[in-house]
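The structures come next, written out as structure tokens.
The two complexes that follow have chain A in common; it is paired with chain B in the first and with chain C in the second.
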Partner chain A sequence: MKKLIIALALVASAQVLQAQILRPVKWSYAAKKTSSTEATVFFKATIDKGWHIYSQNVGDGGPTKTVFTFSPSQQYALVGKTKETNPIVKFEKMFNMQVGYFENQAVFQQKIKLKSKNQTAVKGSIQFGACDDNECIPPEDVNFNVTVK
Partner chain B sequence: MKKLLFYTLAAFIGLPGFAQDNKALEFNIQGKINGKMTGYVYLFYPLGENYKTDSAAIKNGVFVFKGKLTEPVMASLAASRNSRNSDDPNMTSFFIEPGKMDMVVSYGAFKQLTLKGSPSNDELERLNKQKAPIRKEMEPVLEAYRKEKDHEKAAAIREQFEPFNERMDKIDEAFISTHPDSYISAYLMRFKMSSVALDKAKAIYNGWTDRIKQSGSGKDVYKEILELESGSPGSVARVFAKADINGEQLSLADFKGKKYVLIDFWASWCVPCRKGNPHLLSLYSKYKDKGLEIIGISDDDTNHAAWKKAVDQDKISVWKHVLRGLKRTATGYDKSEDITEGYGIHSLPTKILIDKNGIIVGRYGGGGEDDAAMDKKMAEIFNN
Partner chain C sequence: MKLKYIGLAAILLIAQTVIGIAQTKSSIGYTLTGTVKGIANGEVVLNEYNAKTRMSTKVNTGKLRNGKFVMKGKLSGPKMMSLSFKPGNWGTQIFMENAAISVKVDTAGAQHYDYTKYGSDKGAMLKNVKVTGSTSHADFIGYEIKTKGGKGKEEIFNAQLNYIRPFIAKNPSSVAGIYMLSNHYMFNSGIPLTDLEKLMVTFSGAAKESVYFSNIMQDIDERRAVLPGNYAEDFTLLQGDSTKFTLSSTRGKYVMIDFWASWCKPCREAIPHWKEVYAKYKDKGFEIVSVTNDSRWNDWIKAMDVEQMPWIQTIDEFPVKNMPARVVSKYKHGTIPLYVLLDKEGKILVKSGNEEDIDHKLAEIFKN
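Let's turn to the complex of A and B:
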């Protein structure tokens, strides 16, 4: 049976930052080894009702797209781009472009090629901004550190 | 055999923590799990700056967790299960405390966990019980919302949540005001800081006992009150100086003794901000000759072109524009020149009105009043 590693970002942090007093989005992480040399890392955003975050594929000058940054590592290599679940797509006149966004939840996944037989740490950060109908939270970075065993 | 391991989220980028002056005391959870004789259960709880993840082997349906805590904290328990879903039936949250606790949980229904020996958790359960009928009443609406695929219709359903949420908020508020010595009050209050009026937040905080003020959540609330206060009516507006959109030097001090200044925290990518620009433009046209200046402070430090384009497109180049001044660094952000510091800005748009003496006289959005209150205030100031 495939090994599954789950990392949880707990919602109930007592050490929430000042800048995150309003926290409509919670991230959780998981990694799944698909073969002896490959694995997929999952990132799930749980989004409060009424709020949304944006797709990775928003054009320049549009709303705050979600950006994944992986720290360079000798232990693994990225395979392709970070995939995302299908966003809701709407034409936004203000930006004169199609804008993809997510409500309730979004799952992103990144395939990696493992270069080491040992436990591999996949580190990096997610930058995202969230909006509801009345306000937006400026983009913030959340660091992740997911271990593939 | 399936192996399952849990990891906590790496440290968030953060502010320096408070010095730990509270002594760590031992806790001990004697657990029983129904429907599972072997395997592991996992406990997650905050410990200082980080999260502690602990595992315990189940032996004949019994498990034990031991550790140290400085105060009651929200913890979670989960079982080994191939799910990445936080709605996992084998995961639940509760308050744990220093001391001895007894826990009983059923495999497949962690949410029905019972915990003895944690007075804070007893309080949390009583609070949840009060809210349960409202949750039940709300369930059909939630269900309809989950099923609705059409975005516009879903948005309409969402609006029906509001009265339920308001009723639940009232219960929370009543709990907070009647429990000044509860860690739950401080915990709840932290999440309400973005929506509670400053005076009310101060009154609640001042009513707390010392141990609640000194708790992690209590300290967070205090910091937030200070920050919000510095950007609320009655405080001296923090002076900033920056090169503006045309490259000319601009300082808030330039307007002292001359004009009322509305500082508008916004961004090109912020749809609700952009939608508010026509209204700001109408206020500006009305009052600019009567002594109003607007300074737009945009969160567009990473994309100047988008900022300039939005200013043009929304025809707001008639007033002053500067960037917020947030710098990205390799490890996070440099906030040394960030104008939003000292104004308690957590969301956009937030508008702050400053009088000719440099004193804040109004805050709209971002924990302040609404736009109607802003219109009224300006009418009072400029039509007299």
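Let's turn to the complex of A and C:
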């Protein structure tokens, strides 16, 4: 079995944390080295009961899609797009489009090619919005920093 | 004669001593002595963070030599600060006060972060830190340890409050105590005003003079300002045709502000209901003003085309990057939809995320 490193549940630097009334979504991260030159980074959203977040593939004018942004780095390169677990897909008449969303939890993964033999830091941010049947939290950005050892 | 001189000399001597004591007392500051494992030579910086402006200011700097440093200074009162080490940017929090404090740091196991995209810094949070000599620090760490864990928000918040309440009752002037409450409040910002005020009256002395106390008081004032009975602050926002709309231009009518967004399904699901309400009351002196939380103009225009709302449409502003929209955040609600019903003079009657609350009030107003 390969090494699985669970890394930091949201770096809680009290200096940047903004007071939020509701935090129905919690993110945690992990990285798994699949070979000497490749690794996969996992992002897991744990979603409170009744709430949901949306797929990365929601069209413009729909609900707030989840967006991953990776900071450019000399240490690694992205391989393909960020994959996501299968969302529940529904046609939303209101938005006039197919809308994919997640309940309870969602796992996203990004393959990377390692350019350095040293420990690699994968950094970036996730933008997401969350709703339940009655209300929504405006889009929010959270940062991640996952170490591939 | 001689006696008189001796007396005078004695008085002078006493006066000098008194002044001397007073001077020593006022010049008692802090001495921070540190040992660092993992960085031998570099710079040590003590920063103070302002939660309101989200800015850090440098309080003191020192040289790190062979893993050791000493810093001296004086504070107006205890304050939570950040201590960082260069090269690199290794940081930790330390509750500083005027005392002889020592800190032992090991860089092993630190957590790395990057906030450069948000106008902040990147570095590592030290996980191996031991502070001695600061009562405030010890008190706050005690709170953190005792309230750690717990499942779910409710349980955590209750554990924190159950620790804070007796602590501040026993130590009403403790700055660590007001800091605990301020930390708790950062996450539990929905705590009922009366509960918060009940805790706040406990504080005295240094705790009451601290910035943590005044920040909470300011927040209480802001929350009070949007309670029913107060005038809603006027605003001017853009409409879909890029003309300006000012809230106060609706004076003389009952007005409901509907905070919504194109991406908010529950907000849009409520629109058919508001169309009925609007049709029922608009000729009796009722107006609706929609304020969207969209940051992309196109999404907003598209949603308005679909929804065809026959009332005033405006778009909120995002003047500060990564901060909530300007007008809606005044109402301190956190989620949308949010409905604010105003009377003819612009006073707040109801503020709620629940449409029924508005319906009831409107039925009461327009019953005749």
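Everything that follows uses one rule, which is that the second predicted complex is superposed on the first by the 137 of 149 C-alpha atoms of A that agree within 3 Å, B and C clash if a C-alpha of one lies under 4 Å from a C-alpha of the other, contacts with A are read in each partner's own complex, and residues count from 1 in each chain.
Throughout what follows, contacts are C-beta pairs under 8 Å (C-beta built on N, C-alpha and C of every residue); 3 or more make two chains touch, one makes a residue touch a chain.
The structure presented is a predicted model; accordingly, all values stated were derived computationally and were not measured.
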(request) Tell me which partner A:Thr147 touches in the superposition: chain B (first), chain C (second), both or neither. (result) both
(message) Under the stated touch criterion, name the partner, chain B or chain C, that contacts more residues in chain A.
(response) B
(request) Please indicate which partner A:Pro138 is in contact with in the superposed arrangement: first for chain B, second for chain C, both, or neither. (result) both
(request) May I ask you to decide whether A:Gly129 touches chain B, chain C, both, or neither, giving the answer as first, second, both or neither? (result) both
(request) Examine A:Met94 and indicate which partner it touches, taking first as chain B and second as chain C; both and neither are also allowed. (result) both
(message) So in the superposed three-chain picture, is A:Pro63 touching just chain B, just chain C, both, or none of them (first/second/both/neither)?
(response) both
(request) Name the contact category of A:Ala30: first (chain B only), second (chain C only), both, or neither. (result) first
(message) Under the contact rule defined above, give the chain A residues that sit at the interface with chain B and also at the interface with chain C.
(response) 8, 11, 13-23, 60-64, 92, 94, 123, 129, 131-138, 141, 143, 145, 147
(message) Going by the contact rule set out above, which residues of chain B touch chain A in the complex?
(response) 1-15, 17, 44, 46, 48-49, 51, 73-76, 78, 82, 84, 86, 93, 145, 151, 154-155, 158, 161, 187, 190-191, 193-194, 216-217, 220, 223-224, 227, 267-275, 299, 303, 305-306, 309, 313, 326, 332-333, 346-349, 365-366
(message) Going by the contact rule set out above, which residues of chain A touch chain B in the complex?
(response) 1, 3-23, 26-30, 42, 44, 46, 49-50, 60-64, 88, 90, 92, 94, 103, 123, 129, 131-138, 141-147, 149
(request) Within their complex, state which residues of chain A touch chain C. (result) 8, 11, 13-23, 60-64, 71, 92, 94-96, 121, 123, 125, 129, 131-139, 141, 143, 145, 147
(request) Enumerate the contact residues on chain C facing chain A in the complex. (result) 49, 54, 56, 82, 93, 111-118, 120, 122, 125, 153, 183, 185-187, 189-190, 261-269, 293, 295-296, 298-299, 302-303, 306, 322-325, 333-337, 353-354
